[in-house]
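Here the chain labels run A, B and C in written order, and each chain numbers its own residues starting at 1.
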Amino acid sequence: MPHLAVNGVRAKYGAHEVLRGISLSIEKGEIAALIGPSGSGKSTVLRALVGLTPITGGHVEIAGETIDYRNANAVRAARDRMAIVFQQYNLFQNMNVMRNVTLAPIKIKHRPKIEVEAEARRILDLVGLGDKHAAYPDQLSGGQQQRVAIARALALQPQILLLDEVTSALDPELVNEVLDTIRRLAREGMTMIIVSHEMAFVREVANKVVFMDRGEIIETGAPKEMFDNPKTDRARDFFGKILRH
Amino acid sequence: MDYRFQYGVVWQNLDALFQGAWLTFQLGTLSFAGGALIGLICAAIIAYGPLLMRLPVHIYVVAITNTPALIQIYFLYYGLPEFGIRLSSEACLLIGLILNAGAYLTLIMRAGFLSVRRTELEAGLVLGMSVVQQIRFIVVPHIAKSIYPALANFFIVILVMGTSIGSIIGVDELTGQAINLSSVNYRWLEYFTVVALIYVVLTFVASIGLALLGRWAFRVRARIF
Amino acid sequence: MERLLEQIPEFFTAANMGLLLEAAYMTLAMTVMGCLIGFGLAFILVYLRQTPGLWALPLRVVCITYVEFFRRIPFLVIVYLVLFFIQALTPNASLFTIAVIAICLYSVAYTADIIRGGLESVPHTQIEAARTMNMSRLQTLIMVVLPQAWPVIIPPAIAFAVSFIKDTALVSQIGVFELAFRGKELNNQGYSGVLVFGTIALCYFILSFPLTLLGQHLEKRLATPRGQRSARKVRRT
């Protein structure tokens, strides 16, 4: 049984249909990468999964359980199992790093404070920010903030981690520290859906690459096949353009 | 509730209320215009004038903005006769509102004045402009767009709040008319609810008018809501 | 002019000053009540106004209508309306109660707008992050949005409080024993208008100027992130 199954999902922004029947499935521990040109709806897929963009058609199953996103309780359950990291980190500006990471586990998941803080320290060490737990977001660099955002997501103990173009807003020299963190997570077997423009990274880390364009999935496959030998014209066009440099 | 509403009387006297509304509008506009002139001059003094001129202006602004308009108008209405000056209620209200508006508008315009960089003014100076010309050709166009929303908002304030104080010293603007008419028929509640609605309509029309004016003249998006 | 100088010793008697002191206290009491109650109720109003869902549309409309209505009519008219309305219901209501109700209706409308402006100044992405972590609307508001909205809310809130002290003068029209009322009374007794209202103006000045200064000081301090952070350290989030 797939960990996550998306079946014919549709979504709209106002009158414009952004997702036109998306179907994909991800096994436990698998890392899927969504790639494609701007406006193809890649980020929207992630946003729909966490209930930020309303789904107008199709359905989503997590570990076999269907989720009705119109039901508030179902959305809460879905958010319980998934954690998302945004392109703009979206750290809570009024709290320091430790509080950012531990707020939800303590207040929402009602886990004991001592346990959560110990785990938070472990996770912050994992992302290389063990000494920054008292810092405020505006005192950190972009790369550091993004790593805190990843730590915050991990502290929620999600089954699936969603990464929405997490390096796109960073200066080039800060990108690698974030990619390293993701590599480490991959080694530890976290199920992930990654939306990214970093093609070399995608090729290295992903088990499955999904190419999207204009709200539809054009082609799916293993990285090696997709990059070296795309089957559809649109995919070939895309890869030809980006891989030239 | 034991009270029977009788709006019939109000309907009959609607024209008196509209006259009051018109007077409200006139008083509001004149007060704003006068206040704006004072505001412009005082803001210019604060921004560019010598200490000797700035001090009285500061005192004026601080004194007016920290005391109620009602007391200022009482001061004129009951105080001026002691110096032999007998003015009508309308004149007292107008003078009081102009002085009051002048102080607040000074603050609004001062913010604008201070946002113009010294270098732009020096450029004007080098071209041989006098201070007045500098204000007219450099400062005003520069700040008009950014302070317009604050000005438009203040106009509504003067129109609605300021003029209603006139009713207390006997001016027949909208609130004054309501009081006059109510004293005759004792239909206070009916008159005042209608008057409240007229104020809402009046300010809406003014807001929309000012927003459109702003959009047309400066391409400013002023708030209506 | 000589008349004014003659009146000074008669005017500044202990009895008169006592009256003025009481009146100043009344003015202050009404301001404080109006602002505190107004702020609390306004907060609830803004929260209700943000209730999502189609079923809440009437509620949202009511909230918006209330604010827009009471912001567009003069405070004096509000005072009269409350007076006549309440007296039609209960002829024996105390003037002070009526004044406080009028004050609260007025202050809620203005404060609600200030609070809403502050809340809307917090980037929507902060709310998105909180919601995806399963924080409820109320939790998001209290733990994430409000702490970041304070620096935007406080300066206009203080400015409103300052203007509010001055607006209470209008309550004198329904006979509440505050400063403007006492002033008019003393003037009616024959004291010079310049003397009386000059003194009353001074009383108002003493009440409102410190608050004006506080507002200016806070506005400067809250303009920088470091200032905001040290202001926030007072409250543990």
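Rule of thumb we're sticking to: contacts are C-beta pairs under 8 Å (C-beta built on N, C-alpha and C of every residue); 3 or more make two chains touch, one makes a residue touch a chain.
Worth saying up front: this structure is predicted, and the values here are computed from it rather than measured.
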Taking a step as a move to a touching chain, how many steps at least join chain A to chain B? 2
Looking at mean CA positions, which chain is nearest the middle of everything shown? C
Busiest interface, counted in C-beta pairs: B-C
Find the chain most remote from chain A, comparing centres computed as mean CA coordinates. B
Can you compute the centre-to-centre distance for chain A and chain B, using the mean CA position of each chain? Integer Å is fine. 55
Rounded to the nearest whole Å, what is the centre-to-centre distance of chain B and chain C, using the mean of the C-alpha atoms as each centre? 21
Give, as an integer number of Å, the spacing between the C-alpha centres of chain C and chain A. 47
Name the residues of chain A that each touch 2 or more other chains. none
In their complex, what parts of chain B are in touch with chain C? 1-3, 62-63, 65-72, 74-75, 77-82, 156, 160-161, 163-165, 167-168, 175, 178, 188-189, 192-193, 195-196, 199-200, 203-204, 225
Chain B-facing residues of chain C, complex: 3-4, 64, 68-69, 72-78, 80-81, 84-85, 88-89, 162, 165-170, 172-173, 180, 183-184, 187, 192-194, 196-198, 200-201, 204-205, 208-209, 212
Given the complex with chain C, which residues does chain A contribute to the contact? 50-52, 76, 79-80, 83-84, 86, 88, 90-95, 99, 103-104, 107-108, 136, 138, 156
Mind pulling up the chain C residues that touch chain A in the complex? 125-126, 128-135, 139, 143-144, 147-148, 225, 229, 232, 237
